[in-house]
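Consider the two complexes below, in which chain A is the common component and chain B and chain C are the respective partners.
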Partner chain A sequence: MMRLPPFTYLAPLSVGEAVRMMADHGPEAMFVAGGTDLYPNMKRRQFEPKVLVGLRGIRELVGVRGEATTGLVIGAGTTLTDVSEHPAVREHVPALAVAAGLVSTPPLRNMGTIGGNVCVDPRCNYYNQSYQWRRAIGFCMKKDGDICLVAPGSSRCWAVSSTDTAPVLWSLGARARLVGVGGERVVPVASLFKDDGIDYLAKARDEVLTEILLPPVDGLRCAYLKLRRRGSFDFPVLGVAVALSLDGGRVKTAKIVLGAVASQPREAVEAGALLVGERLTPALIAEVAGVAARPSKPLDNTDLTHPYRKKMTKVFVARALRRLAGLPDSPENEEEVA
Partner chain B sequence: MPTKTILTLRVNGETHEVAVPVHKTLLEVLREDLGLIGTKHGCELGECGTCTVLVDGQPVLSCLALPVELGGREILTVEGMAPPGQLHPLQQAFAELGAAQCGYCTPGILLTSLALLADKREPTRDEIRQALSGNICRCTGYTKILEAVELAALRMSGTPSPSPLPQGGRG
Partner chain C sequence: MSTEEFSVIGKPLAKVDAWEKVVGAARYADDFFLPRMAYAKIRRSDHPHALIKRVDTTRAQALPGVYAVVTGRDFPAVKFGILPVSQDEEALCTDKVRMVGDPIAAVAAVDEETAEKAADLIDVEYEVLPPIMSVEEALAQDKVRIHEYGDGPNIHKAVAFEFGDVEEGFRQADLVREDVFFYQGNTHLPMEQHAAVAQWSPDGKLTLWSSTQTPHYVHRALAKTLQMPPAWIRVIAAPVGGGFGGKTDPFSHEIVVARLAQLTGRPVKIGLTREEVFYCHRGRHPVLMWIKTGVTKNGEILAMHCRSYVDGGAYGSYGVASLLYTGALQTVTYKVPRYKFEGVRAFTNKPPCGPKRGHGTPQPRYALECHLDKVAEQLRLDPAEMRRRIAVDEYTKTANHLTITTCGLRECIDRVVEASGWREKHRKLPYGKGVGFACSSYLTGAGLPIYWNDMPHSGAIVKVDRGGGVAILCGATEIGQGSDSVLTYVVAEQLGIDPKDIRVATADSDLTPVDLGSYSSRVTLMAGHAAAQAAERIRTLLHEAVAKKLEVAPAELVSRGGRVFVKDDPERGVSFAEAAVLGETMHGTLACTGSYTPPKRAGKFKGSGVGPSPCYSYTACVAEVSVDPDTGEVKVDRVWIAHDVGRALNPLLVEGQVEGSVYMGLGEALMEEQVFREGLHKIPSMLEYKSPTTLETPEIYTILVETVDPEGPFGAKEAGQGPLLPVPPAVANAVHDAVGARIDEVPISPEKVARALELKKQGKPARVGPERLPVFKFPEPVKVASAFGEAADPSVKRKTQG
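Moving on, here comes the complex of A and B:
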């Protein structure tokens, strides 16, 4: 049996109280929201905090507020179920509803929060294992060891960003509100991450992610596609988020963001730029998908083989763009629909 | 020995006071402190669904829930689905259709189905499949499970339906 290691549980009722508690307890404390990622990790001794600051009792963190035309605001403590079922999210930012609804399983989504999914600990086949397994094979640098077992010559950790919602939020140009003891700041979701499997968040320890601020989404088209072995349970081994706006049939703005191909979501900047000012023709989509796959450099540390995941990046980007263009998923099927 | 905390939990309509360390999960408290062993202990990591219970009517994973976070919430386990000695229509349908082989996943699936039927009286097969997509049956008896949920839904919505049991029962 794997039991949680002992800890003290604190239940603040406001964000201010939560960040003060975190600052008071220092590195031995961690925040917990839904607990769906942290508790399994604690059972496997990836984390052994002496103090947990529970965010569940903080009402101001829960709920979707505002209007899509001026920008929805999603409390970070809103469950993934509530995000995926929210009428305004479904209507105006369907890619976010889809991504939230594809995280793990229904009961887990009833517990897990969007803030937790954005901040989810990067994963690796050599890391997300029981203590005994890790001890037997030799610990890695992400926990208890000093080398990377995926790339032993490397000085950094290559654990994989495994959030479904962050690539979508990045593609939409969303921002995140962080509140700490020193005050609060609003940063683009795109600058919330660092390319390191251990130190992966550009957020201070005492800062809480309180809100996701979506921009006005007038006329924005967005899509999210997820690759994994099973249709449920699994973390993404590839996520593709695309958001674009059109003006008179031509692309006005475009962002393509890849998930689970690096330690942070990765924007395919060059590919997005190729779309701007152009019409979404099948030929352009094929070209852009090839360019978008370039920043995808998966390593052999998740489910499914890394060459396949790289290959599927191109396929999924093309598929996402084709959907937004109203084309069938693959060129071979074009006649069926036309 | 870690310090114990006294917690009040509402389980199956009854109020329980338990003295437990805060790091004990709801699953552990249900089974070890309240003796409610109908909730099964599977993967312990949120990857199988067999420990599912309802909290305020919503399926949650008891292996990843802390009792300290559940004060004032109504917890329902498989023991509370029907009065003692009786079966809920879902349990009846599962028994009649043989929708359980080893039975280990059954409590979680029954409760998840109960939540689904409270929300949708006549779910489609796809809706049932989606609702149960967090519950693994390692005997892979999924078809009978889906059929049993459909039968229970029919009976619960008052639609007349023939008994699937042949005369004399199953041999």
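Moving on, here comes the complex of A and C:
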């Protein structure tokens, strides 16, 4: 079987202790929360930390606090199961409950945390392979090599952002609290990411993501759709998060965020803007979906083909908007249902 | 005989090993821990095709904790392989590697971590050769050669047969139709990864525990490759955590741990990673197929001509048999008076293909059943009714000289038509919903052994203890399918005792008589017969002794309910334990053997050895699907499947086999595929090699049809493989019924369905599938007169009527 490399596990009991440990051990150390992604990656030698700073024992990181009307606060150490089953999350931000509930499998959601999912290592099927496989094909720049195998002429890494929850949080306008040795800061989830498969988080090494802060819910409608081969296990190969608020039947605010089509979640800004001030008619939805698919630039490094994922972006955006408008999924069924 | 006459047969009992499996007490090969045990790791090739220029083990040898490092030079220069005609594998490659994952060197070390580190420290120098990654490439050129043997450059085997004049049949036909299909390769994906433990005794004898379906063939391969007397080798199959054909070859790692154990004087274990299991493979061959059929306006087949272009991978494995199986069983389902088959298996630089559940027959079954669906559509016939009309008759011969005994195909068709509401659904459901139909047949044990011999295919010993306990010793291998249970039921029925009073010891070359292994759906029939015969002989001895004591004739006695008693006077009798004492007193130690050799019914032509079987199972299937026209996603909502199993020795286990087959068939139909990129397996992991989960598994309605075949023990036929066969084409035909798209290749992925629907919108044929065939000149066909319609030989056992 595949074995874990040797490492030292540290078990801090507070965030302060955790960030100090991380600062002390420098680049040899990594944080681990649920470990559902990190440990398999270590077995494949994608990560080779000498020290792991475990966040599991830090109680302040766990739990959903506050009211939806003033803004829920979700501890980054809350398991995906607990997020997906939380009554206030389900009622007020159902897209987040859905996204958390679609991550991997039930046992892994019982271990994996929302913080871990937001920060999950971008994936690529040239990279998420064993050491021996990567040696055979030639190492890539994300680990042990210096080229990108999916885009050999490229100077950057094109690994795919594979988080389900981040596109939803971005669409909702959520913020993230980061705590490091130098103090703490709160940033929009939208600015937590960078479009690079290696350097994908705008977060210092010693900073811990401690909380997700949701804005107050006010007439919000949201949806998350995930494309993948099976109903369980699989990472997204396309995620579509839509959040909008209505005012007298017209769209007041709208954000469409695409997941798994770039190295970071990608907001379809132009498409969102087209919705504002308008009624959600089938014609507008079709137009917006076409525009929303433009920033979708998948490459051939995940399951399903990239032209198909690009094509499905349009279908999924339309479907998400149609659901929020109370329309049936497919325009072909429209009359039947109406 | 009705089921009521039996005490054990036909009852839904739990498996005899259910408890140990459920509570995790079963000891699989990887659960063996022996004192002083070392761990092995194999260094595998990084290149799909290369010459090995140098292997330097210096750095690995120097690593603390390493006990031994071996290369191909540390083994006798002898090749091995499952078929005598394809001895093309080495324990460790010496001069050449033929795929990424080919074994080059191996390490034994104090623990697995050290072994892995040492394996990575082995320096291998290659001279890289151009890889051949498809059957088209293999057939197109002759400059680069993967092997030096075969029927041509990169051609492992090319065959052609013609039974009757097919051209004449086509001339007489109302409709002649040709289609091209592709069936993508896929792998077994057993939950248990292969593992083996080897131990040498101080007197120089070897014991190997392995997760294998065929310990007897591993025994032979070890004797050959280690150049040792077979008498000094003991092979024990540990409980197998799923095989499906992936553990039916002898493997490099089994030979390697044996040699490492010899060199280190320690027991040595190897447990393969999931990725290495993908390299062992021996799974479904990718096959490109062409089929041409001439039919009357009622759909009756006058002639059929099939071609298979088979992508074999890097080694022979079972390939010659696999190739022949792609042409052997088309005639066993439907009446085909004239039949021609041409096939070629090419070598490519990919993990070797071999037998996966249905061995070589799901691919042509997909082609045939999708093709017949198109024929029915073109003739405006109901596909189920058409199949019913052309189903074979019992006790007849096929064009290619196979003998059919019982056949429950028409009943299977009727039962699924009825249960599924076929007539109300086919071509009548709303857009996006559809139903599809398909049938199949499969052999119950190969009629011929892997290596030529006239000995039995299966043997058993039944031994009775003075306390009434019974032991069965049999070479059969329990791979989760329930073979230990079947042996128990058969013996319990014969002796009239509780299955719980029986112990089974199986698959141990020192202690158990040879059974050829758990492949070709042979165990229930062959080992079942052997055990039944041994038990019957024991019963005769017991009855003789009890008869003397009770002063009656032996023929007046029956064994039932744990007693031996006078049939007409049940009060007069003794307990089974007392009978055992009487028996041993009269006869001495009570142990009898039984064995089974299948009837010799192969046709008198070269290549006739693949296809014959004592009897064939039959299956009919309806799949109901929903297709999302926007995304092309196919959801299978329900599957109805009727299977002629002869007799269900345990209906619970048969249903389990049928459901498992449906599940596996759906994986092949919808998502599983072995794909390669730059010479490497693209997705060698459980996460990225997509196989369905419980969420993709629909409601399965299983119907068992019992024809009580005279060839099977208590009338039983096979259940482990046949039910997979109709599932992929039933799904494909349902997709067509739902949205009008023909997907002529598996897997039926969402992108293919979406592409077909896009073509339809553009006014083009809504079909996705192969467009052309490689250029290849098949050999002149072996011409044999068709045996179609002949009655089975008088020597064939028949059902007693009434």
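Following the convention adopted for this analysis, the second predicted complex is superposed on the first by the 338 of 338 C-alpha atoms of A that agree within 3 Å, B and C clash if a C-alpha of one lies under 4 Å from a C-alpha of the other, contacts with A are read in each partner's own complex, and residues count from 1 in each chain.
Here is the rule we use: a residue touches a chain if its C-beta (ideal position, glycine included) is under 8 Å from a C-beta of that chain, and two chains touch if they have at least 3 such contacts.
The shown structure was predicted, so the numbers you read here are calculated from the model rather than taken from an experiment.
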item: Chain B versus chain C as contact partner of A:205, first or second or both or neither; value: neither
item: Touching partner for A:39 - first (chain B), second (chain C), both, neither; value: first
item: Touching partner for A:229 - first (chain B), second (chain C), both, neither; value: second
item: Which superposed partner A:312 touches (first chain B, second chain C, both, neither); value: second
item: Which of chain B and chain C A:20 touches, first, second, both or neither; value: neither
item: Contacts of A:107 with chain B and chain C, given as first, second, both or neither; value: first
item: Contacts of A:323 with chain B and chain C, given as first, second, both or neither; value: neither
item: Chain B versus chain C as contact partner of A:1, first or second or both or neither; value: both
item: Which of chain B and chain C A:11 touches, first, second, both or neither; value: first
item: Chain B and chain C contact sites that coincide on chain A, given as residue numbers; value: 1-3, 5-6, 231-233
item: Touch list for chain C against partner chain A, complex; value: 30, 44-47, 100, 112-113, 116, 120, 193, 271, 273-275, 431, 628-631, 671, 678, 680, 682-685, 687-688, 690, 692-693, 695-696, 749-751, 754
item: Chain B residues within the chain A interface of the complex; value: 2, 21-25, 28, 41, 44-47, 49, 52, 58-61, 64-66, 68-69, 112, 130-131, 133-136
item: List of chain A residues in touch with chain B within their complex; value: 1-9, 11, 35-36, 39-40, 43-44, 54, 56-57, 81, 104-108, 110-111, 231-233
item: Chain A to chain C touching residues, read off their complex; value: 1-3, 5-6, 125, 128-133, 135-137, 227, 229-234, 303-305, 307-308, 311-312, 315, 319, 329-330, 332
